[in-house]
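Several structures are given next for inspection.
Next come two complexes, and both contain chain A; in the first it sits with chain B, in the second with chain C.
What follows is the complex of A and B.
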């Protein structure tokens, strides 16, 4: 125990040691203030252990040994190689590209003619100081969360998207985070402020150039004002050696709508924590998750849907396919606060175990403090349905093809809902490829 | 909507009387001396004393669990009297010699003791502040070889059985309260069903906490040998005091090959008054080990009382094809808190478990279902189905579900479903249309809601449970 605590603190300390070189790198007082407050918390907090309920199944002791420095700038002459990560609708997409956590203007595609405000933090912080300072770090609380505190302490580059009133953007906004260097730590950050009545599609995409070991501590904050509508596709396809620890917080005002799809393919240990606050009357969210893991991968999804005001509606489906010796963890909490009457919430978690080494820990959780509500949740864990396989076989399809087909269909349901054709095609291909083994 | 249901809920506690009986009470506090004293008073063999001391040592190294979803002021374990027994006057030869005051108490409780027991066909082992006062039907049961007596008697008469099984399902250091119980338990029931015997009648114990400021630490041990079966009923009440009383029991069930144990509880401890003052803290460890092949353990509970209920009757399904079942109704009102559920640990092949949990919250109360379904890597073709439904009455109460599902075998099928609902205006309107008043309507709706569980109860318990529920919720809808 003592040993563990020691090495845990070593991890934090060695990251913090590097903080000094960033402490004066901005000349914006509030940002410096925010970062040093976060650093203060980092110093107080400890690395989570499996003795903590929220981390019971996710053992970070292997991460604790890897306190990697931040990455160097990517060589500018090799940038063109990275264009392969752009979507094929690249002509029509807005794009902000970050390589190993650093913003790369050369690859980004910002159209300043339209009304949307987007860019890296450094380019917007002076022109939009008011709106950024009143949102950045306001949702992702870091007082008790080590990794959010770390990210906040290290904020340097940040993808900012501000949608003014009633602006509706048809072209997807692609926030692309590329990892290229081994043994580095990066702190990706996103801020989305959707003013009332605005509408956009945001793709938050984590990719890697090769099978490196690296650590990503990411934080994203989404603010949706009254009647705003955001479609959010979060794709985590990091290297299978990587560590990915992410925190995403969404705040919903009255009648706003958030539709999120979260796909997890990569990382040896990944943790995605999501908190959705339905803070206005009639707010609505729909979140879908799909995790496909194999080998020794561990993917942990923690979601918390907080119904704070009446007439909220939430829909959630989480699917997980665990192959090899993979370990899937799902913890989905739904809270209905007192007076959040007429809440309508439904949650479903379905997991598929493909081998006898794979393992699933699921914990759906309902906490209800209002009486006029409709809430349900369900969870299933199992293998492919024998009758379904038999049915396909009776149609002349071989057992292995039948299995592949059914496995693919299990995950395909979530991917179906991605409305960006090229992204959907890419993901379908990955799932197809991964489910064709054996 | 509320005036009527309010009255329903606010029905005064009917069992809140204190029996004036001289008790033999140990001084408050817990130390090795007290444990040695309890052991000496009960004339226990050395192995049991060392069992108690081992548990006490474990307990000292443990801290009170904090994870449960209940709030209460810290318990001062040195402010509790760990032994309270009615003063023995003389050896009792027949039921007629039992203190008439005591018998009157049970009459008030409606316990079918004495002649009434014969009519009801129930053998009752009465536990009154930790010491078993009288055991009925013992002889009749003895004819078929069934041992049904208090655990202190069993320690004296069947030490090898007790030694073999005591602590085999719930080890002394299992958890904080189980360790405490193992150290200081004063009495409880012991039941042994020999090979191939089907118990001819339902066995029953009645627990009652009488002395203010005393904890009740009873210990129940039930063993069903190969091919045996038994249905066991437990009922609980306590008088009304302003102070909180601690009840930390341990129940162990062992089912061998093809054996079947059905354990039913109706718990109606004093729940505190409408402001949440007083009431029992019910921190209980109940666990059944389905050890043999084709064995079956079934828990049915109706939880209406206690200021705080905190218990998880569990099944360890070790034998192949063994079956675990859990049926529960938990009703909370006023400031009651309940954190209850079950654990189904699948170890053997083809093991099956069913969980049906119904929670009803009213007033300012808070009820949580917390359950664990674990499929071990060895549990080929294990199957679990869980369903937990909650009903909320009023907007000041809360209902939570915390199901843990851990699957380590891909041939397992695990399903969990939960829903929350309320008694709707339109439902009441529908009843009114048919000429049925609100109170009766609520009672019918609730009975319908709990039907799946009540069906599992033995007849007389089902009747009691239904009545209890309507008392409990009287006036909380209107």
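What follows is the complex of A and C.
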């Protein structure tokens, strides 16, 4: 035990040692202070262990051995090879590209002609100091969260999207995080501020060039003002050797709407924590998760939907397909606070185990402190439905084709809801490929 | 239509089957020739639906004795998908909902799989779309049902029409319609029955499994069999169903009882 704790802290210590080279890299006082505070917390906090309820199933002891440095800059003469990660609607997408955590202007596509403010933190921090300083780090609390603290302490590059009042953007905004180097740690950061009545689609996309071992500590903060509407597709298709620890926090003001689709395909160990605060009357969120894992992968999804004000509505469906010896974890908490009357909340978790060795731990958690609410939740874990298989076979379809079709259909339901055609097609292909057993 | 010269399609001999150690079928005998329509009637629990599922190869039922020959082949040794490709079709009493699988995708996959096994051409999505729409007219089905998930959210009547649509696409030699009339209002019943009638010819055969005589007003059987406790206890012409409607199943039982009493005396 003592030994474990030591090595855990070694992980933090060796990451922190490199912080020094960053501390002077900005001349913005508030940012320096935010980073110092975060660093202070990093130094106080310890690596989570499986003795902690929130990390019961997710053993990070293998991560603790991998205190990789940050990546070097990607060779500029090889940038063109990375264009394959652009959406095929690339002409029409806004794009902010980060390679191994570093912003790459050459691959990004920003159009300043429209009324949207976007770019890397360094390019906006002076011109939009007020709005950025009043949002960055305000939602993703790091006092008790080591990984959020780490990310915050290391903030350097950050994807910033600011949607002015009543601006509606049809073109998808692609925040593309590409991992290219082995044995590196990156700290991707996103900040989305949607002012009242604005609307946009944001794709947060984690991809890798190789089956490398690397570590990603990502944090994203989304602020939705009154009546704002954000569609968010978060795609984690990291290398199967990678570690991906992410925290996403959304704050919803009155009558705003957040629709999120969260796809998890990659990483040997991944943890996605999401907190959605319905902090205004009539706020609404709809979140759909789909995890497709195999081999020794572990994918842990922890969500917390916080109904703080009346007439909020939340819809959640989480699906997981575990093949091989993979292990899926879903913990979905829904809180309805005392004043949040007429809350309407529904949560469903459905999991599919393709082998005897695969494992799913699904736990819905409802805490309701208001009396006039409608809340439902449900969870199923199972194999493919035998009656469905027989029905297909009775129509001449072979058992293996029937199984593949049903497995695909299970996940396809979530992918179906992605409104960016080329992204949807890519994901469908991945699911098809991964669910087809000869 | 009965034609003594027709070839025998299905020959069931002393068929016994059980589900989780409970014997349901206790010696079924049945011969079906091409061109014939057979009705199997009986109370709930008499074994008629089990019989239908056993013919289709449902893995939940275990055949313990007897034989079934279909088109001169040993049916019981074949996997369900092979039975289907060889020409057996079961219209389910409770068609299964398959969320996430588009009905059009399912229908085309089933159609093409069967075409392939018969050495015929597959249809691409566009060709199939034209083809299936034509078949849907037969059942007065709304084409919207192509885009929805298989049977998901369909009403009882829509599910049954979707079953008969599959029958129209697969053109089976032997169609077994398991309680296809249940849950249908009179208009839907008329449409479904007329669809089935259009699909019958001298080379195929139909087994109608039903509880009520009602369906038999629209699809007129050549034979009516009464099933009771896992056996066919009486076989007659179409008038048997009418008598049954008037007198009820107790009448058959009493009739049988009288016979067995007679024979034991």
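In this text, the second predicted complex is superposed on the first by the 437 of 438 C-alpha atoms of A that agree within 3 Å, B and C clash if a C-alpha of one lies under 4 Å from a C-alpha of the other, contacts with A are read in each partner's own complex, and residues count from 1 in each chain.
Simple rule for what comes next: contacts are C-beta pairs under 8 Å (C-beta built on N, C-alpha and C of every residue); 3 or more make two chains touch, one makes a residue touch a chain.
Here the structure is a predicted model, which means the values were calculated and not measured.
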item: Partner chain(s) touched by A:358 [first = chain B, second = chain C, both, neither]; value: first
item: Partner chain(s) touched by A:375 [first = chain B, second = chain C, both, neither]; value: first
item: Which of chain B and chain C A:75 touches, first, second, both or neither; value: neither
item: Which of chain B and chain C A:386 touches, first, second, both or neither; value: second
item: Touching partner for A:410 - first (chain B), second (chain C), both, neither; value: second
item: Partner chain in contact with A:401 - chain B first, chain C second, else both or neither; value: second
item: Between chain B and chain C, more extensive residue contact with chain A; value: B
item: Footprint overlap on chain A, where chain B in one structure and chain C in the other make contact; value: none
item: Chain A - residues contacting chain C, complex; value: 385-388, 390-399, 401, 405-406, 408-413, 416
item: Contact set on chain A toward chain B in their complex; value: 53, 338-339, 341, 351, 353-356, 358-383
item: Chain C to chain A touching residues, read off their complex; value: 56-60, 79-81, 83-85, 89-90, 92, 95-96, 98-101, 106, 109-110, 113-114, 117, 149, 166, 170
item: Chain B - residues contacting chain A, complex; value: 67, 375, 377, 390, 392-422
